[in-house]
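Shared between the two complexes below is subunit A, which has subunit B as its partner in the first and subunit C in the second.
This part shows the complex of A and B:
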């Protein structure tokens, strides 16, 4: 009897974990800090998390299709480096940005090709891709941040529309709508759910599983590159080291939101909640409560481990029921 | 005619099977021709020294991979164990500090495996993320203990650290101490893998978890044991590492996990689990060290080395998967 109750509580926690986590954090902070619930702080929170939200939407596409691309972090930073590098060598802004996006797409395509068409496990492959990308980024920048000489580039992220510097939030809303539409209302998106749910069943139902999954990787790569361009524009610099932990943390945040690690389950709004929690609320709350950076590191690690453990635990229960 | 075809196909299989090994041999050959320093005894000792920590951790990781899992937390564990040992030398003495460090390694491994077993994370993907999270936590704890400072044996210790100097620089006959530790470890681990019931259980767990469980193989005990072996080997690696460097900093283990996985995979242990051997990992680790040694001698920048390492990792797994398809 006691055991049943524990299981029930755990199941509620696993299903509503992101909302629960946000509520708990908000309560803790509300008692300790008066500056948290201000419009200014809310804006800061959304702007800092916006770029990771965008990349996280891309990660959702791959995760729903039952894949993982851990190289998105370095894809982001190196695409930003590439855009800045090209601009500093007198390439017009629009062309440089386009090149960066194409670069991101190519990285996604290489990952997708090796993972999907060569039937390999995506984790270590994309980890290896990440190392190569980091090397490439450091090679281009000589391991130093490079500053964008063309200040017009900074307007992409920091420009003023409607009298406020909220470009990043507008970008996030647009990407939210686009990716949500793709996953929800196009046959491509629906196919990805089928592929992630059961690869073989999807194949037997006549879905071109390989092509669809391949394009999921490409799309995620392009979106990561877009995030990289926005990040470079926000700071006015390209830095190969920006993406050191991004891949792991973004995927964990997406899983916090409720997109399952096993594929086939999840949506963009859910991911958005998870990403806002990890990159917005939690980060901001820890800074507000003056938690030192090492403790923050421990917290982040524990959260990643706990989240993935709870996600597998929810599937363990389903497995045991059958 | 038929004979020619057969020869051709034999050559093809050989080429496929040993693509990377052949590639590395070419690299070594080029280096030894272009760079006379490669074949000097100084460089050989250098290679043997680098062999130490990497191979020790890689031997532990081999078991985790054989069981069909992965352990990214070696990065965090190595640093945290080194910090703990460093902090304990003054209060409890050198040898007790080393032993406590090794015990902590086993404890971390035990903890990792319990988290994985409790959550039912029986795929490599889940284990990858969980151990990455734990690794971050271990590094954070290590930083909290050391206040984020680099600790130096000659500055921060009041008592002597002669044992560590001995481990770092000493010789027994013609062999360095780290090499002797490696020899002892490989004998024990090879015996465990091939001659004991638990060793065979680990292999079967990696082959097919569901089938192994139904057949009555103690898969949960296997998982605990492989993670504990990995933790203990990482702790020994940490002690060898800090003995040689005489400093402890969080930078000491950066990138360790990829080098270790690369060593295991290049040796020919199947990443999916079930097939492979600790003996193969020796070759793998040697290859990893030769790659960086040759590229250093040829004057290739660290950036290109990173690019190459990532590419080799991808190609190794790709070829391995092709073999299995």
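This part shows the complex of A and C:
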């Protein structure tokens, strides 16, 4: 009886690993720093992680469909660069932003076309795309950050609404709702789960597997570009070097949240928790504890690996049950 | 007394095992005699697999004792049980597909075998000893299921196993391959090797086994000499009730032509043409690999085919992919339900609705309450045993999984239902329910194409039987007016010989 309960608790713990990781981090910080649990700090935490949350929601779409798009980080930086570059060349803000989003969509479409219709390994294809994008971004900017001359552009991310500068958080909430709705309440979303769960079964069930998966990549691309525009607006600059590790860390965070790397399993809320942990709580906590930024990188990697190892442990237990 | 103990190679005493919410094994006791072939039968979920997993060390027992060859067994891993002389050949064979036959036989023991050359020589000797003529350098991936089984048996022999457990070895074999397996089992028996033979096919149990143990709901119901029990008694003990007939009466069929397939040609198929009438069950008989599956895949648009013609109600329809096929009123329940029929990470509900999402949504937005109704309707109608519709299909038994697949297709309102091995690995009770369902579909104006390796199933369910051999249709028969032998001969490509002989006479 007792043994049963312990097992139950253990399985809950491993299933809710991201939540648990957040709680542990919070406890550790709470004992060491008084400034952590302030409203100000919470806002900071959400604001800093918001852009990555948004891009991570896009990544979730692709991951659920059994794909992976590692070019999202570079897509983000180049789209931001493109928006700033166009504005500095007298293109109106709205048009520049639209162009950036379309650019992101095209990048996603190319990824999707090669992966889905040419049946290639998404990991390599999107990594190759990412490298090309990095080069493209550096070509446009001469490898230097370019500053947005039109200061109105900064209002997208930093504008004042209801007396608060929380635009990024509003954007995150909207994108959370939109992507969650798509995955959960539309046939397109359900098709993606089926495709990621079992490609052949989905095809035999009359689902247009190729088109659906293709659009998942396109969406992910557009959302990455949206993240890029928000990032450029936040800092007032376009910088080709922003997204070097972004793709990897976002995907790790999404998997930490509980979306399966193998596809078919996952959700936006789960991803959100993983992303908040990695980009918000963990980074903020380490800043509060004055951990050196290189040590932070080391720690982030180790913690991500540990949490995912825990997951594999819990799944091993599930397998034994059958 | 001593003598008696010596006669028992494996003694399972009061073994118990519980999973959360289920008692999988309750005071299970079985004694296996040295050198016998011991059958183990029971419906899915009876506890056979759990017992085997405990024997192999994959699962730990909660209580009880296991004595193997005079020693109490405490092992905790498959490797240890193998070293003790107990090997299990699982239904899903455990071979590394990217490695050669020889490497698989001695996996992890190349050094002890004297390097790769020694490995291949010794593997060849072992394979020859069971009459399996295989090239040890061939990749396992290129072998047929029955050849892979031979490799597994050779592997078991390489451990000098005294006991080999075979978990449904025949489920994907053709009759011909089955005969080979029977021969090998008889050879093993002569060598003094004990075999536990798990199967749903009772004919095999009677043919191969000295004794048989029947399990139901985690209990051992009975152990009998196979000469002391009849087939019907065995079935009654398995299901806990008497089943009058294994098959319902076949549907009456006198309708007009519903589906017409004309000159289907692929690299494997040669000029396949046939008709299907309303209310008919049309059976396809042939060896695995004869082209039965290819025929239905081609019709369903799963494989690319050119130059053929498909007519439904006399009108030509273009089928380029499974979606077109569905729109034309076809449904395909594939041979391998785990690989091609179900998304295992999905709930029962989502699997049922998967092929009907278009109909369940408006402007791409899913109507969840309609979806729920649909799943509940099928679960109730097909008597699917599942805690709720939100249970994952992966936790259901084979029979219930198959019902979920069928339920999903029934919701698409198919006019032609194609069933490829619909009862493979399914227990007797669930089989009967599926047969009844087939009859119901046929009688309500639909039609069914039935592919099955179990000859009795095809012959008892079909109105008409077509034999397929090497991608051609070699004969058309009325199963009521033909002997099974005659049909089988045509499926083996020997029908033409016969005709020639007849003409000569």
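Here is the rule we use: the second predicted complex is superposed on the first by the 289 of 322 C-alpha atoms of A that agree within 3 Å, B and C clash if a C-alpha of one lies under 4 Å from a C-alpha of the other, contacts with A are read in each partner's own complex, and residues count from 1 in each chain.
Throughout what follows, contacts are C-beta pairs under 8 Å (C-beta built on N, C-alpha and C of every residue); 3 or more make two chains touch, one makes a residue touch a chain.
The model shown is predicted, which means the values in this text are computed figures rather than measured ones.
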Inset, instruction - Check the residue A:120 against both partner chains and state whether it touches subunit B (first), subunit C (second), both, or neither. - result: first
Inset, instruction - Pick one for A:133: touches subunit B only (first), subunit C only (second), both, or neither. - result: first
Legend entry - If touched residues of subunit A are counted for subunit B and for subunit C, the larger one: B
Inset, instruction - Using the touch definition from the top, say if A:206 reaches subunit B (first), subunit C (second), both or neither. - result: second
Inset, instruction - Quick one: classify A:145 as touching subunit B (first), subunit C (second), both or neither. - result: neither
Inset, instruction - Tell me which partner A:193 touches in the superposition: subunit B (first), subunit C (second), both or neither. - result: second
Inset, instruction - For A:236, select first, second, both or neither according to whether it touches subunit B, subunit C, the two together, or no partner. - result: neither
Inset, instruction - Would you mind listing the overlap between the subunit B footprint and the subunit C footprint on subunit A? - result: none
Legend entry - In the complex with subunit A, residue positions of subunit C that touch it: 19-20, 59, 300, 302, 321-323, 325-327, 332, 334, 339-346, 350, 353-355, 357-358, 360-361, 364-366, 368, 394-395, 408, 412
Legend entry - Parts of subunit B lying in touch with subunit A, wherever the complex brings them together: 70, 76, 115-116, 118-126, 128-141, 143-144, 148, 255, 258, 261, 265, 271-272, 301-314, 317-318, 321-322, 325
Inset, instruction - Note which residues of subunit A are touching subunit B in the complex, please. - result: 68, 114, 118-121, 123-125, 127-136, 138-139, 143, 245, 248, 251-252, 255, 261, 294-313, 315-316, 319
Legend entry - Parts of subunit A lying in touch with subunit C, wherever the complex brings them together: 4, 185-191, 193-194, 197-198, 200-208, 260, 264-265, 320-322
